[in-house]
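Several structures are given next for inspection.
The same chain A turns up in both complexes below, where it pairs with chain B and then with chain C.
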Partner chain A sequence: MAVDTQKALLFGGAAALRLLLFTVFPALPNLLAGRVEVSTPVTSFKRLQEGLFLYTHNVSPYDGGLYHQAPLLLPLFSLLPNPAYYPLATNLVFTAVDLLSAYAVAQVAQGGAASVSRLFSSSRKDLKWSSTAIAAGFLYNPFTVLTCLARSTSALTNLFILTAMAKASQGASSTFILALSFAAYLGMHPILLFPPLLVLLYDARAAKTKTTPNAWSFTVAHTLGLAAVSGALLAASAVLTGSWDFLAATYGVRLLLPDLTPNVGLWWYFFIEMFDSFREFFLGVFWLHAASYMPGLTIRLHKQPLFVACTLTGIFAVFTPYPSIADAALYLSLVPLFRHLFPLMRYTFVASAAVLYASFLGPAFYYLWIYAGSGNANFFYAITLVWSLGLSIIIGDSLFAALRDELDVERPELKGKDVRRI
Partner chain B sequence: MALISSLLALRRDARILKIPPYLSALCIVIGIAWLLVLPLNDYSRNTYVSENALLPGQVHTYFAGSEHNVFRAYRHEVWGLNEKPVAERSQRLADMFRSNNLKVATQKYSYHVSNRTIANENVYAILQGPRADATEAIVLIGAWKNMQDEANTSGVALVLTLARYFKRWSLWSKDIIFLVSGDSTTGPQAWVDAYHDGHDERHVERLKIKSGALQAAVAVDYPAGPWGHRYDKLHVLYDGVNGQLPNLDLFNTAVQIASSQMGIGCAIQRMFDHRDSYKERLHTMLRGMVSQGLGHATGPHSSFIPYHVDAITLSTVGDGWHDEMSLGKTIESLFRSLNNLLEHLHQSFFFYLLIQANRFISIGTYLPSAMLIAVNFSITSIALWVASGRSTEPIPNPAATAPLEDEPVKEKTAEKSATVTPPTSSEKPDMELVEQNGAKALVPAASTTITERHLLFPLLSVLTMHFLGLLPLYLFNTWSSDTLPALYLTMANATTLFPLLVAWFFAELRPLSHQENTLIQCFSLLLLGMILAALATLNFSQSFLIGVLAAPLSFVRKTNKTWLTVLQLILLALINPVMVAQWSAKLLGADLNHVLVLAAQGWAVWGLWTQVTVWLVWFPAWVCATVVVAGGAVEGGIL
Partner chain C sequence: MASPNAADASSAPEPSKETSIIVPRAAKAHNGPPPESKEGIWLRRAAILSFWAVVVLLGLPVWWKTTAIYRAELPLQDMTDWAESKICKPVFPLRIAVESSISSHDAQQLVRLTQHAIDDLNEFSAHHLRLMPATSPYTANSSQEVIIDGTSIRSDDRDNALVIRMIQVETGETPRSQLQSYSPTLDVYYSASQLPAQSSTSSPLASFIAQELHTVFAEEQAQLAYLLAAQPGAQAARTKALSVEKYVELDRQSTKVLKYAPTYHLTFSLFSPSYTPSAWNIEAALRTYLSPLLESFSGISNFTVDSQVQLYATFSPSIHQPEFDEHLKAWTLRKEDLSAFVNAAEWPLSPSIGEGPTVNFILYVPDASQSPLLVKENAGNSWLIPQWGGVHILNVQNVSTTPNVLTAEDLVPAMHTFSDQLTVLFGLPQAPASLPLRISTLERVRAASLIFSASSTLGALAQVYQKMPSIPVPDNVAQSVDSTIAHLQQACHLLREGRFQGALEHARIAEVEAEKAFFERSMVGQVYFPDEHKVAVYLPLLGPVAVPLVMAALKELKGVLASARGR
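Let's look at the complex of A and B:
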């Protein structure tokens, strides 16, 4: 692909911004790595350092009880010089991860799967932003920049999710399976993106080969592929750490929530308050709730699989146990792909005001709780509720818009008429 | 659902756009009026001690008799050290502490602020509580120089005497640290930073000995010379850096012990003659708010509060009949109360406004006023957002007033979402049929359609203005103190002309559309309202004062009327944050250059946030509004 100047400028500018912030404010990465809004127990760079220390001293990284991230990250980061003394290499890696993610976003936008799919073509499909603009939206999103500066490993998970989306919309089966397996391996819940992205891949393949492959054999083949790659990754992890203990320390922690460090999500407060006897029941309920969106949305909106995948990332940002602003950054950068739905959305101002208010009040209330000692946990939790409310308004509003868009195509005579729920 | 759809229909109503300015004004009026009724009896409460363990004034104090002779001896010693170099002074003070069998250490510090060097030395001693396990400590501070830069001779002598006296008691269940800091603000800051390992090794020495977690700190300011001075009242100082306050229980305990047990009157906020009238209460509250809003250090105690160590300063004022022994007894009793504490002070209020030494207003009562002021910006911002989506085409006369002709009526429903009306070639206004609850009406399409908003340029403009604030922030905090007055004058001129220049550039290079102007103001006010609401929870007074001073920004608009534009520009020039600094300094009787030097020192040493709020929040909001208004002046040909 020819490098056009606009894109080169955009990527160069974003890289320069990140490296500039890294060099001008050398204390900033460590400060951000300690912020609960940015770093969760399962993505924190500080905990990665802890795991790395144990790993390089030939102790199981999970023995300390602090490290809950995937084992394969360890050999990767042990190759880099110690970030306490030579931070440049690590900074370059995380900058590169952001640029690659932006490239993937741009590819998704280029594919045009957002407004036109095999079975559905929006009536407003001409209304869209260029792929450069959408990549810029990702690269200059303050949440993305903060995640990059905090060197949170969710940046890597986001990269693999976005690559999986890009490859699925291009119809590249093997790279899609690889990318999604890595995303699921690092973050666990991205496995839920498999069904909608498989539909997207199927559509892309059908468009590419101008035939419709057998749906069943297609599904079985790809599921087996995913299982094989994931199995290989897990086996490699087991070989690396010498036992299967890592499963309990990584996925076990994500599933069972033993670490109740506050974050921007809704789980920690509930599980602090809850009596122990109800814990298992509510863990089941919360996970069931978070996972149940996937089948429902995939079936109802199977004509717009990319929209389902993007909405699911938004649901992950609200309803998973350890969300951070990195998940919100991923979702908010994907929303502009659906420019054609914007005229149908009704609460954009309310939602963005809620998200903005929460981003200012959140750190203020956390400060009052932890440092000033004059507030308490309820202050911060109230703001995480507002934050989740803002994100869920965007999710709900865009869902409404997508359904309305489908209705406009199915029943053109209803176009412009008011809908009422009966 | 019906409610939501009728609400949605309501936002199409043209009348709704007329309400917000009045609503905003109402918020401001109520916000200010709210503050004015606070000193009344119905809205304030008498203070009370809520922590059971404190038991203020319940112990008999024994600091008397021969201790007086000891005190006089120490006072002469300290007085003799006044002219001596710092090293010798520290040496002598350390010797005096050491002769009482206390562990002693010193700490040097040297800060470089606006090309000046602030260097001195702290001396401190630790009394290990006989019943303590070195996990908790309380601090008694006597700064060498007080806030007025007078030698704190009797204060330091009292700290030495109390050190000797406390050492003989076996009842201490917490360690007691005696700190003689080199000066009143920088020294305690260096010490408390180093105590919590939050110091910068280049400027501040590490502490050689430490004790447990600090529970409370009390500073004594008693600048009487070798022959003593009988004082009238105790002035209790409680404002911390960045407007944080100590737990009200500590303040109450001190006031109750001083006034009930010792019979010494207490004053706050330099209101030495408080007759408890409405006017004086209001005056006290406003002084407290200005002090809190500026966020500067008001005494040696201020630096402790950001570390969640509750602290106050007791300062002697006036001529009366109380002597050093009654001050010593007050401190003894206060320390006995603090010694009783089983846990960190947490029971009482951390957010309060005091209107008298024993009357306060709690956060629930006063917070709404600052929030109302902040909400006024958000309301205007929402109104501007709605306005920016409206078509700028003039709304034509109702169809009924036009001569009858057969005109095509486009049928549309009102509640449908955005559809851009295609421009019609006919002269007839585009009409549409609105149906709501069975009633139908023909209204001009221009009043119901929503135009597409172009967000990028206004958003970037507002963000750029906010980033530009970094420049003065950097300059004011790094330039040499000699050049600060010149820098200030330049800034005053430059900031007044800057928005006009920007408006002119826009007009020449890229004329702003009506919508872009509206959106710039909308985003700027949205940010301002949001940050002020967040700030109100951290520093109520700062948020309130900035909110009131920035209130006109909600009401200024770009207009074609020349006189209105000129009037608005004059008003805006007056509320330019730089100008506000000028006239408020004059009003409060402060020396502006001194304030600038102190502000730079605050930024470098105390971690003061006030400048950040001014330059990155208030100033950009002012610039955005002024650029929009000045756009009218440029178009009107005034510029």
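Let's look at the complex of A and C:
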């Protein structure tokens, strides 16, 4: 009961904080919606409104060339009153999305799959934070709050990713497939989370039923399910917009990067400078680089599938074409699940300093470049490099810690000793 | 790319390989790392393999597909042959209709004799005149069926270059001839006695007609010979039909002529140093004096016309201000200042409006206090600016103040000057006197020069294609080349048949297509991109990624080999 009161207070407080910010600073959402760190061309609320306007006037939303988000968002948001006059409904929706995401994070933490899985049990498994604390870490993360205030649609993608993780760790097949299909439908790259989460689902199912289902038929059934649901979503979109043009305007834009608006990622600057004739080649290289981590990590760390999924969200936050702080918020909220790895991490100070440094200097450098005119694009690009470096250090360091943790289980006699690569 | 390596490096290694520096007590006996578990080895190899699989199965096809240079097939041999004038030797067979009221038998005889005389006179083999007896459209009306059997033609056929009208007279000097100014007709007056007898092999009348025809077409032959002389493998033509003086003169003329374009834009501008005249009746003047000329040019090029009035237009500071000449009783401009008369910096004469080059005609009305304004050296008031346009200074006579409005009558001298200047800029030959004949001459000259220019563009494109194997050649270049060649062939064929209007049409399309192919934008992107630069493009990014991948693979292979040898 005490825990429930605690949770109610936590969620209520988070909701109150968001609504308070929405009401006290009515200009803040629009300001944030225009910031490149928060809103990318594929998640911006302003562009969503443009798409909505065209949609409600019976024009194809993609004809304007500005809207690159999924078509099914349009009927959903067209139900809400116009946010320019009645912002409350939209604000409530985005607050609810955050609360649901936090609930999903809490469920993942509750399941304990982070430190104890079917094939692996960490030697430090008692070292963990409560699910309430981890949900609080998500809800009061300033990046999450900013994303919510900017009403970026990546909040919805994050919700579906977290739900998929929660359902996978509970062994609920159908809801997992639904949630992951929605995440992939909205954001495209979350499809790469399917293999590690499938392993997680398999482990959870095996633990629940105390049997080991046939791995091949399990994989085939779930892959077919995912294909069917995704296909149904795409077909519904095609019916809604009346053609398949939306594929080029949504996934095509994510794949081919025609919009080089700056963001916190690494792609935009690189492709501004790129020779035209090599553009296609390096698009391929960058995408393959981002995608190549999935199979390697899934194979190597198949005993800790939740850790793989979590690390992949971190890689997405660095190496996808249109990342924003919403992606970083997702990753940074998932890292506390692995409290047991913290003692093994070596560069926590450097990493957190780099992330903090970038978060404060990023907006300042952007201002110098765009508004004051006393800096140039290199200023902002340098700070996005620092930001990506900070996140990469966390990713690399936690990977090292996870491997070390496995070694400690395998060879308990080496615990606490220094290691060296040979 | 430090960050992916960090992740790379930590994902690839195997924990079992990370061993303690302080050798554990249990393993003290044998100095070295403890053996790895079977599963550990398998896992590590699978992880490394998965990275390699991505590189080989996805990366290599992406590399192959995205960096391939697409080069459409071009008919190189044909293109080179066209450029070297191997395929098309332009010939200009001109059909000349001889219209007479004498019996067809006598007419045949006269035509035959005249043809002999012409063939003897002609030195330029590509250009030859073919005489045909013709029936007049007036005598052979529609009720009377004319049998066209190859020996006789209708004289109103558009493909006839010239019609000779034989007119029998009783008085006056005979034979004499007169060229009509506004139709391609040569009237020949003769007396009945001058008709050649049936058996004679020569006749003064025939040689007279031949001589006249030779004179009429002398200018055209010179122009064509000049054109052919500039082509590869056509040196012979120059020496025979073209004297050196004529060659130099044509060379000088050709520098004045505008580059050929299917559409020209004519801008008529009125400049005045004060506030008057502020209006001019240019529309009426153009309609009366220029439109007929433009209409007769319409077979060769189209024209668009606009006009403007600019007040308070001052001279450029770089020229001498007009001086008063007591002798001429006029204000004068120096001849050397004429080239800077047009104040390009301040007068709004835009270089190109719409498609096609702009031809500027400037009417300058001097202030009443500086009127009349003339050129000092020759007291002229107009001049031509090569390849650009013409200037005319309009001195309003007998009035103390400049009128506010220039009427169409005021503009008459200017319009005459402008039409003369236009014909020069357009490249119309100066002789003979008949305007339609001059225009059809220009048609032939233009058709030939367009064929040459399109052919040489094709040759240049073929050279670029062969000399630069690294530039991409998209499909539309190949399409343009095919279309150019097809139209060139058509043009050449029509030339041979003597249908010059159609030949010009096709030559024009060929030229446009050839230019389109040669100046295709996407071809020039990689011209200055040597192969060494590719290293600089690939290495900084792919090098750091490749090193851990290659090292891990090598290490694994070594391990596999060692264990195989051990067994």
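The rule is simple: the second predicted complex is superposed on the first by the 419 of 422 C-alpha atoms of A that agree within 3 Å, B and C clash if a C-alpha of one lies under 4 Å from a C-alpha of the other, contacts with A are read in each partner's own complex, and residues count from 1 in each chain.
Keep in mind that, in the parts below, contacts are C-beta pairs under 8 Å (C-beta built on N, C-alpha and C of every residue); 3 or more make two chains touch, one makes a residue touch a chain.
Because the structure is a prediction, the values reported are computed rather than measured.
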Worksheet item: Which of the two partners, first being chain B and second being chain C, lies in contact with A:Ser374: first, second, both, or neither?
Response: first
Practice prompt. Would you sort A:Tyr85 into first (chain B), second (chain C), both or neither based on which partner it touches?
Written response: neither
Item to complete: Please indicate which partner A:Leu389 is in contact with in the superposed arrangement: first for chain B, second for chain C, both, or neither.
Response: second
Worksheet entry | Which of chain B and chain C A:Ile315 touches, first, second, both or neither | second
Worksheet item: Should A:Ala353 be classified as contacting the first partner (chain B), the second (chain C), both, or neither?
Response: first
Worksheet entry | Which of chain B and chain C A:Ala364 touches, first, second, both or neither | first
Item to complete: Scan A:Pro343 for contacts with chain B and chain C and give back first, second, both or neither.
Response: first
Worksheet item: In the superposed model, does chain B or chain C contact more residues of chain A?
Response: C
Worksheet item: In the superposed arrangement, does A:Ser292 touch chain B (first), chain C (second), both or neither?
Response: second
Worksheet item: Counting only touches as set out at the top, which of chain B and chain C does A:Lys417 meet: first, second, both, neither?
Response: both
Worksheet, complete the sentence: Overlap of chain B and chain C contacts on chain A, residues 417-418, 420-421
Item to complete: Spell out the residues on chain A that touch chain C in their complex, using ranges where they run on.
Response: 275-278, 280-285, 288-289, 291-293, 295-297, 299-300, 315, 318-319, 388-389, 392-393, 395-396, 399-400, 403-404, 406-407, 410-411, 413-414, 417-422
Fill in: List of chain C residues in touch with chain A within their complex
2-4, 6-7, 9-13, 15-22, 24, 26, 33-34, 37, 43-44, 46-48, 50-51, 53-55, 58-59, 62-63, 65-67, 472, 525-526, 529, 537, 541-542, 545
Fill in: chain A contact footprint on chain B (complex, rising order)
1, 5, 8, 244, 306, 308, 344, 346, 350-351, 378, 382, 385, 412-413, 415-419, 452, 526-527, 530-531, 533-535, 537-538
Worksheet item: In the complex of these two chains, what residues of chain A are touching chain B?
Response: 343-344, 346, 349, 353, 356-357, 360-361, 364-365, 367-368, 371-375, 416-418, 420-421
